[in-house]
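Order as written gives the chain letters A, B and C; numbering starts at 1 within each chain.
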Amino acid sequence: MSSQPILRVENLKAHFRGTYFGVSREVRAVDDISFDVERNEIFGLAGESSSGKTTLIKTIAGLIRPPLELVGGRAQFAFLPDAPTIHQAAPAAVAAIRWRHLSYIMQGSMNVLNPLRRIGATFRDFALPHLGGSAGAFEATVTAHLERLRLDPSVLSAYPHELSGGMRQRVTIALATICKPEFIIADEPTTALDVIVQKDVLGMIRSIQREMGSSVLFVTHDMGVHATLTDKLGVMYAGRLVEVGATRDVFAAPRHPYTRHLIHSLPRIGDVTQRSGLPGTPPNLANPPPGCRFHPRCPLAMDICRTVQPAMIDVGPGHRASCHAISEGGS
Amino acid sequence: MTAILRDLLRYNGEFRIGLLLIMAVAVMSGLSFFSPYPPNDVYVVAPDVPPGAAHWFGTTSRGQDVFWQLTFAIRNTLAFGLIVAVLSRIVSLAVGLTAGYLGGWVDRVLMAINDTFIVIPLFPILILFYFVLRDSMSTLLLAVIMASLGWAYDARLIRSIAMSLKTREFTETSIFSGMTTREILMREHLPYVMPVVFSTTLNNMNWSIGLEVTLAVLGFMDINTPTIGGMIYWANQHTAIVAGVWWWITFPILLVVMTFVGLYLLSVSMNEYIDPRSRLARMGGGAQ
Amino acid sequence: MTALIEAKNISKTFSRGGVFARRRIEAVKGINFSLEEDKPEIFAVIGESGSGKSTLARMILGIHKPSGGQLIFQGQDVDKIPRAGRAAFMARVQPIFQNPFEAFNPLKKLDFYLTMTATRFGGATSRAEADAASDQALRQVGLSLDEIKGRFPHELSGGQLQRVAIARALVSKPRLILADEPVSMVDASLRMSIVNLFGDLRDRLGLSIIYITHDLATAYYISDRLIIMRHGEVVEQGPAREVLSNPQHPYSQQLRAAVLSPSATLETITPTH
């Protein structure tokens, strides 16, 4: 059971295909991405704006709507063994797994919480169909779950606007975890929060994840959050995964020059050494540079980088990176 | 602007049909300048002639050629609609942009006036104007009256857009680049409300033409200026339908329906242009 | 030593709601600080949402009037600047905003704003003079007019746009720059070059910069002095590195402890509120 990953992403490709007034464009937002998420771990996904990380989780969650198209590859959940990707599964099967096996924590808690309904009513809307049982038993389950998360059950009678932003985000986490899902997709859940609240919320996510043994796919651009929270880390650049490995290993010895820059440019209190920005700008995904997409900004760029797309190669136990400089032995 | 027109023509069926209808109506009103008969003269042709080769749309019981009479009527009606729309747009832009941008007590005062105009019952007021003014009531005067009554809804719409524009950071960049309030409204904010203004112009024309026709049919209008409503009024006076002179009433109605549908389709297809995302996509940005 | 800007016990109270049931919100409560004229520095204002730091920024820019206290810029009470003197004040105090993608009208070309600032505040009287002033300012941030002229905002990345925004602020030759969260929406790979640019402007042009942020790590990295605000009050102030290395006030300590880094540890026992 533990040998099989809960999510296996293989050569996943998803492109935006649009025709804007006669001009067709193809944006390769997710381009040939492979990684596994094991049971009982927090897998972090890092990347800047327009790196394709949001498109990647949309594709994994099966939220593929035009102009986004699945072009190839698989994103297979262990609890949906018959479907290569979730949006190819039968609607009834998907309905059965949502919330029960797969749930979401979004950035904007107000998107989840209906402003006109009390929190308790929202809990009933989302979770009662999955948990079943009598109203009394359900109430007891919810109360017990809230108490486990150190939330006062009185929040159930509150309206969303009566709670602070941090409190609302905690409530949405409680809502996402009430059915003890095996897999949780968290999309920048703490980005809008203040730093002190953010740390509490991250602690809450970690506690509930450890207690339930679920897996979390945690997306954020904030490397500080990855360093603190995640077990594994995948770094995306311009639609491709450039490095993946145990978070500790990646931070200790980043192998891709982009990852190295992200980690070394983080200012730290107590460290006054000069930090620098990266020259150039992220590429336009409608017209990415040939070869390695990072080469125009890369301090190590060689001739081969301008023409040949580097493959993912093993650089340590469970640690992969795609850079010609590694295979050349230049690192 | 030409690129927008070209794109709309190429990719939008509603726009094509709407434009075709409005072009036909415009050509019709343009023909009035070539009319062989003066518009206000009666008994210039044989009365009650059915449509045929000599008189395409037949003639009226008053001895007027329906086709040529219609060219004057639609010209006056369109001009009426345009005057109302343009005048009321100017008021609603000035009130909406100023109230939205300045806010505070200026906004409160302007919106109090605005809301008064919204709740005023229009139709009785117009009839009242007719009974007070009687013979001095002209089409132009009616247009001015309707313009001063018909700006309020759209001023509120423009105000809401201006309020959101005010909070956007580029407005502050403009302030700290030394632009005056008037420049910010005219150069920064106006381009954002113009699409809405354009589409409401068409709706406003529909509204004013409809009201004008209604008033004229009931006789609460200067009936000597030929308009669509005026033609229907005279047809009714001569009990055209009962008398079997159906062409006198059918063709004006057909033409005004064409105008309504054409304006409506144009205003609907403008939505494509109004959505700033599609506009940015056309410029090559925005959509990721 | 004369003060470039001095806040004397300034406060700001907003009243919200209708005629009935008005509520008063004290956004800023009695703040004092001062920046010296001949000692350019980066002065960080640290706080979370609701701390009053943005209200303070808007008072310094002269957008909000203080409800109490005095704000003195180069010997002049900001609140009492006559309409005629407003332009001269705006030329000397320029803002940089949070979102570079929103800083310019997406339907307008970027050089428009530079030219505008040069003619209105920079004393340029001809197109050529305005272009020269724009080019000079753009070169201070590592760009040039040739790269920017005729371009729309969507053609540039966030980092480039933020540079253009800084260049626009420099065109009027200001004495004080007020940067409100200037890097929080800039991508990580470009962020530090913007932060370094602030240090560079201080050292090279002798500009003072008020850097408003919630990010303690960049404040530690670049600023000279700081104040930490909470609920409209200053809870701690002093030299940036001293304060952040050894915060004294419990709230500062809490903020300091919440900074995430590879060495940070999560408190996995969740508090109730």
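Definition applied: a residue touches a chain if its C-beta (ideal position, glycine included) is under 8 Å from a C-beta of that chain, and two chains touch if they have at least 3 such contacts.
Not measured: the values here are computed from a predicted model.
**Q** Which pair wins on C-beta contacts, B-C or A-C?
**A** A-C
**Q** Looking at CA centres, what chain is most distant from chain C?
**A** B
**Q** Taking the mean of the CA coordinates per chain, how far is chain A from chain B in Å?
**A** A distance of 53 Å separates the two centres.
**Q** Suppose each chain is reduced to the average of its Cα coordinates; what separation in Å results between chain B and chain C?
**A** Using C-alpha averages as centres, the distance is 48 Å.
**Q** Between chain A and chain C, what's the gap in Å when you average each chain's C-alpha atoms?
**A** Each chain's C-alpha centroid was found; their separation is 32 Å.
**Q** Give me the residue numbers in chain B that touch at least two other chains, ranges are fine.
**A** None at all.
**Q** Quick one: which bits of chain A touch chain C in the complex? Just the residue numbers, please.
**A** Those residues of chain A that touch chain C are 48-49, 149-152, 165, 167, 170, 194-196, 198-200, 202-204, 206-207, 210, 221-225, 227-229, 251, 258, 261-262, 265-270, 272, 274-278, 281-282, 297.
**Q** Which of the residues in chain B come into contact with chain C in the complex?
**A** Chain B residues touching chain C: 168-170, 172-179, 188, 191-192, 276, 280, 283-286.
**Q** In the complex, go through chain C and note every residue touching chain A.
**A** Checking each residue of chain C against chain A gives 48-49, 156-160, 187-196, 214, 216-218, 220-221, 241, 244-245, 254-262, 264-273.
**Q** Please give the residue numbers of chain C that touch chain B in the complex, ascending.
**A** Counting only chain C, the residues touching chain B are 61, 63, 87, 90-91, 94-95, 97-99, 102-108, 113, 116-117, 119-121, 152-155, 165, 168-169, 172.
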